[in-house]
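This is the structure I want to talk about, given as C-alpha cells.
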C-alpha cells in the first residue's frame, strides 16, 4: 500500500513535470529554428533534425530597421514599472490590510469584509472595461505614454492582490502580538513597523511575488496606454507578430521574459523550504 | 575590393530596365538599401530630402509589426532621420490592433502619432482625423505612376487621405511543379477525366485541391494538402470569403452594389451567389491541412510557403515568401487571377446568369495617413513621400518580408522580379496577373462605410459558424444579413448609403 | 482594538484605489448609456437602448457568458485538485523537493500573451510536436484548435498549465503553516492517510482553499489572452468568452457604448455570482 | 492611589462582554479573576490595559482618568495565555524591548533585564531564538519581559493554561514565589484563570466573573467557603460542585430516592425544596452508603473521578487514590452531610457549612 502510494506519487510528479517542461523544451528548440525548419515538418533536435540558427535570438536585440525588435529598453522599462508599482502596492496594500485585519470599521451597512471585497473586486473588471476610461484619465492628468502613468494603473491592478494576501496573512498573525507591542509602549505605528512588519516578511514575499508576476505579465494596459515614449516588454514582443508568426523569435522572447521571474521562484521556494512562509508565528 | 563590388553593382544596375538611369552614387554608399539603383531623382529623393532640416523635431509613427511594413517603416525612418536631422520614433503594433491603437487616441482628441499605418478600408472611419494629402504631393511625378485603382482606394470622394505606399489584392497561388507536371496531368486525367491546369473556376479549384489532399505528392516524406486559406475568425477571414464570393455575386449586368443594393440598402450577402461561395468554402474545410480551419494569414503563408499545400489565395505575402531564395518551393509556384465561376447570380431577374464570370477583389492593403492634429504635418508627408520614393520603392518591393507590393505601372514589369532571382515565366505570370486585375472592368472594392468593422465581423462570425458546422451556409448568411440590417438601423441607412455609393461608383467604373 | 489611527492605515490605500477608479467606473456607466461608436464618437444619451439590445437581442453575449462559466469553473476545479495534490506530494520529504517546488511554480510566471503563442505552435495540428508524436503511435491528427469541442479543452489545458502553480503555491504555503497538534492526535488514533486528509488536513485547509478558489475564479473569468492567441474565439464562436466578446465589441468593432453596457452588466453579474459562490463554498467546506 | 473601575460595560454587537463591572484594586495586592472560558476575563484585562474601550463606565488609576491615556502610555504589562513574544527577536532583545521603548539608560536596562532573567530562571538563554524554546520557557520570557518593565499594573491572562500539567504545577509554584517576593509593593497584580485550584493557591482577592458580570468578590477563602450562588459554586470548584434538587424536612434531606440525615447547620432552614450542593471530594466510598452506577471513571494524577448515576440523579465523586473501576459497576458512597450547602430555588446560598455571613 505504502509502496503503491509512493510509486503513484512519483509517477504523478514526473508526469506533471514533463507537462510543465515540455512547452519550454519546445520553445528552446524552436528558438533556434528558421522559417524553413518550422514550416516544412516537425523538427526537434538541432543539427540532427534541423540546422540551428541564432536568428530568433538576434531579432530581439536588432533595431526594427533591421527587422528586429530591440527589447533591451522595454526590458528595463518593464522591470522598473513592475517593481515600482509592486512596491507602492505592497506598501499601501499592507497598511490597508493591517487595518482591515486588526480594526473594526463600520459605515452604514459596510463592514471590514465589504471593504476587503471592494479591494478584491477591482480585479473582477475585465481590462477592456478600464482601458478607455484609463486612457482618458491618464491623458487628463498628462501621464499617457509615461512610465509613471503605467505605474499608476498597475497600482490599481496590484494593490487588490497585496490586500488580499496580506489580510489573510495578518489574520493568521495573533493580534496579541501587536497588543503586546502596544502594552510594551509602542504606539500603533511603532507596533506596526517594529513588531508586525518584521514578522510579516514571509507574507510580504508572497504578496510581492504575486504583484511582480501580475505586473510583469500584463499586456493589455501596457498596450493601450503607451505610444512611442514608453514600451513594455510584452508589447514589444507581441509586435513580432507580423503576417508570418515568427515562432523562433517568439520562443526566444518567451524564454527571456520568464527568466527574471525564475529568480523570484527561487526566492519564494527558499522561504517555503525554511518552513516559515506563513508559519513563522505558529 | 569595395570598388569592384560597386562596379559590379553598377553594371548590374545599368542592365536594368528602369526608365531612370541607375548608378551607384554617394547616397547608395551611405544607404546600402538602395545600392541596386542609387538615388533616383524626384521630389522626395535622398538628394531632395537631404536639403530639408528637421533637426530638433520629432516624428511619431505607429506601424505594423516587424517585418511586414514594420521593417521598411523603421528603415526609412532611420534614413529619414539621418538625412533631415529629425528624431523619428516608431512603434510596432500587430495588425489586428492597428485600428484601435490609432482610433482610441483619435476619439479622445489626441494625436500621439503623426503618422498612422492601417488598412485602406479604415478610410471612412479615419478620414475625419486625417489630414488630406496636400496638392504638392498629389501632383508629384511619383504619384502619377500609381494605378487608378490604388488612387481610388486611397481617396474618398476624390480627396486623397492615405498616402499610397503599397498595393494589395487577392490572387491565386499554385504549385507550378504539380499543375505543370505531365505525370500528374496524366494521372489526374485518368482518375477524374478532367484536365489538370490552372483552375479557372472555384469548382475546379476544389476538385484539384481535394485530389491533391492528404498524400505526399512532392516526395519529401511528409503529407501535403489541397489548400491553405485564412479561415480563422479574425480580421482577415472575411476578405477570403469576399474573394470566393466575387465571381458568384459580382454580376456586371447588375451595377449598384455588391454588398448592398444601393437603392434599397438591402444586404445582398445572403443571396444565392454568396451562399454558393460559402458552400464551396465549407467543402474546402475537407482539403485544408489539419487545423486549417484555424489558420490565420500567418499560418496560410507558413503553410503554402513551407510547401505544404497545392493552392492558396490571398495577399501577395504567401507568393513572395514562397519565392524567397531560401524557400523550399522557390521558383515552383505560379500566380493567377482568382478563379471565376460558370454562373453568376442576377439579383434583378432573381436567377443565375450562365456563363463564365470572374471578378478581382481589390481587398484592402496597407495604407497610411497623417493625423489632422499632428503638429508636424509637413515633415510627416515628407517622410511618407520619402518612404515611397522610387529608389526606396524599387528596393522595397523586392524584399518579400517588407510586404511592399506593386501599385505603380512601373512595377508591372517582369524584369523587376527576374533581377531578384525569379524564373522568367513566373515573373511574367505574376505581373500579368496583377496587371490584368488593374484592367478588369468587373472589380469588387472592399466595404468602406461607417461600421465597416461591425459588418465584417458579423459576416466573419456567421461564416466561421458555417465552417465549424454550427450552421448551414444559408442559415449562417441569413443570420449575418439580419445582423447587417440591425447595424444599418443603428448606424442609419442614409449614412451607410452615402458612404457606400463612393465605392459602388468605383466598382461601376464611374470614377 | 479601535484607535483613530486605524484610518491612517486604511485610507491611503483605499483612497488611492477609489481615486484612480472612481472616474473609470462612472465613465463606464455613463458610456453604457450612450451610442458611442466609431462613426459617432460622442456621449449622446440614448437611455437604456443598449441594455435592451443586450437583454433582448444578443444571444452571443449570453452564450459566451455560459461558455465562460464552464471554462472558468472547470479550469479552477482542475487547478484546485491538481494544485492540492501536488502540494500534498511535495509537502513532506521527497527527493528533489526544492527542484520540484521551483519547477511547479514557473508556469505562472510566463506572460500569457507570449506563452500562448508557444502553445499554439505546440498544438499546431500539422506542424506541432503533439500531433507529430501522437502520429508516431498511430493517433490523430487531433484537431486541437479547430474542433469546436476539443478546442475548449485545449484552452482548459493551457489555463491549467498556466495557473495551477497559483493554487499550488497558496495551498503549499497553507499546508506548511498548519498546526502540528491535530496531526499528532490523528497519528495517535492511528488514522489512515486518507482519513487524516478528510478529517484533519482538508478542514484545516478550508479557509485558505476558499480564498484561493475565489481569487482564481475572478482571474479565470477574465480569460482572454489565451483564447485570443490560441483560437481567436473560434472555430465559429466555440471558444468565445465574455471578456473576449467585450473586447471584440469594444476595441475591434469600436462599439464603445455597447461594450460599456456589456462590461457593466458583466461586472454586476460577476459580483453577485462570486458573492453567492463564496457563501456556498463557505457552507460546504467549513462545518461549524 | 488605587485602580478603580465603576460600572464598566463593554458590549460590542449587542452582546455583553462586560456588564456593569466595578472594582477597587489596591497597590501591592494580587487579584485573581475567576471565570469560565468566554466569561469576560480577557476583556476585563484588556480593558484595564487599554486595548479595549468600554462603552460606558469609568476607569481611573492614581486619580487620573485612565480612559484618556492610550495603552502605550499606561505603564501596564500583560502576559497572554498564548506565549506571546516577538518571534523576530531573541530572548534578550525580547526582554529589553519595552525598556528600550521607554528610553531607559543602558545600565538600567542591563540590571533590570538580568534581574528579570534571574527571577524567571532563564540566565544563559539570552541569545536563544524564541522558536527554539519550549512552551514553558517561552512563557517565562513573556513573564520576564513584563517583570523587567516594572509596570504599575501587571496583567496575567491565564498564563498557565496552555502548558502541560507538570509544567503548570511547577510554574505555578514559581509564580507564587515571584509574586510574594519579587514584586514591588507598588504593583497591582491581576491574574485571570479558569482553575479554582490556582485561585486557592495564589490566595489573593478574587473576582468571580460570568457572562461579563461580577458574581462575587472577596478573598479566596471566602469564595471557597461561601459561594454566593449556584453559578459561583459551579465556577469555583473543579470538578464542579454537585447540585442535587431535594426537599428538606425536619430531619432529613430527601432527594429523588435517597434520604440523608439533615446536617446541623441546616437546622434553621425552613422545610422546603432546595438545591443542595456538595463538593465531589465530600463524597466517599463506603459500603454502608447508597448504591450508584459508574458511568465513567477518570484518573487524573493521584485522584480518580467517578461519574455516578442513580435514577435521574447524577454525581461526581473525587476519590483521592488511583483505583480501577469498570463502567456500569455498582459502588456505594456516603455523603459528608456536614459539608452540604443549600441554595434556594433562585440559586442563592442560604446555608453553608462555614456559616453564612452575607446579609
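Chains: A, B, C and D, in written order; residue numbering restarts at 1 for each.
Everything below uses one rule, namely that a residue touches a chain if its C-beta (ideal position, glycine included) is under 8 Å from a C-beta of that chain, and two chains touch if they have at least 3 such contacts.
Please read these numbers as outputs of a predicted model, since none were measured by experiment.
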{"item": "Most extensive contact between chains (C-beta pair count)", "value": "A-C"}
{"item": "Identity of the chain that, by mean CA position, is farthest from chain A", "value": "D"}
{"item": "Separation of mean Cα positions, chain D and chain C [Å, integer]", "value": "52"}
{"item": "Chain centre separation (chain A, chain B; CA means) in Å", "value": "40"}
{"item": "Separation of mean Cα positions, chain C and chain A [Å, integer]", "value": "15"}
{"item": "Chain B residues counted as touching two or more neighbouring chains", "value": "97, 100, 104, 296, 302-303, 306, 308"}
{"item": "Shared-contact residues (touching 2 or more other chains) in chain D", "value": "51, 70"}
{"item": "Residues of chain A touching at least two other chains", "value": "38-39, 41, 104, 131-132, 136, 179, 182, 187, 238, 241, 245"}
{"item": "Residues of chain B defined as touching chain A within the complex", "value": "60-62, 64-71, 73-75, 77-78, 89-95, 97, 100-101, 104-105, 108, 110, 112-113, 220-222, 296-299, 301-303, 305-308, 315, 317, 321, 326-328, 401, 403"}
{"item": "In the complex, chain C residues that touch chain A", "value": "1-3, 5-10, 12-14, 16-17, 20-21, 23-25, 27-28, 31, 82, 85-86, 89-90, 94, 97-98, 100-115, 117-122, 127-129, 132, 161, 169, 172-174, 176-179, 193, 208, 211, 214-215, 218-219, 221-222, 224-225, 242-243, 246-247, 250-251, 256, 259-260, 263-264, 266-267, 270-271, 274-275"}
{"item": "Residues of chain B defined as touching chain C within the complex", "value": "96-97, 99-100, 103-104, 106-107, 124-125, 225, 232-235, 289-294, 296, 302-303, 306, 308, 450-451, 453-454, 457, 461, 464-465, 467-470, 486, 490-491, 495"}
{"item": "Residues of chain A that touch chain C when the two form their complex", "value": "5, 9, 12-13, 16-17, 19-24, 26-27, 30, 38-39, 41-42, 44, 92-93, 95-96, 98-100, 102-105, 115, 117, 119-134, 136-137, 152-153, 155-156, 159-160, 163-164, 168, 172, 175, 178-179, 182, 187-189, 192, 206, 213, 216-217, 219-220, 233-234, 237-238, 241, 245, 247, 250-251, 253-254, 257-258, 261-262, 264-266, 268-269, 272-273, 275, 277-279, 282"}
{"item": "Contact set on chain C toward chain B in their complex", "value": "35-39, 41, 57, 60, 124-127, 131, 140-141, 143-146, 148, 151, 231-238, 248, 251-256"}
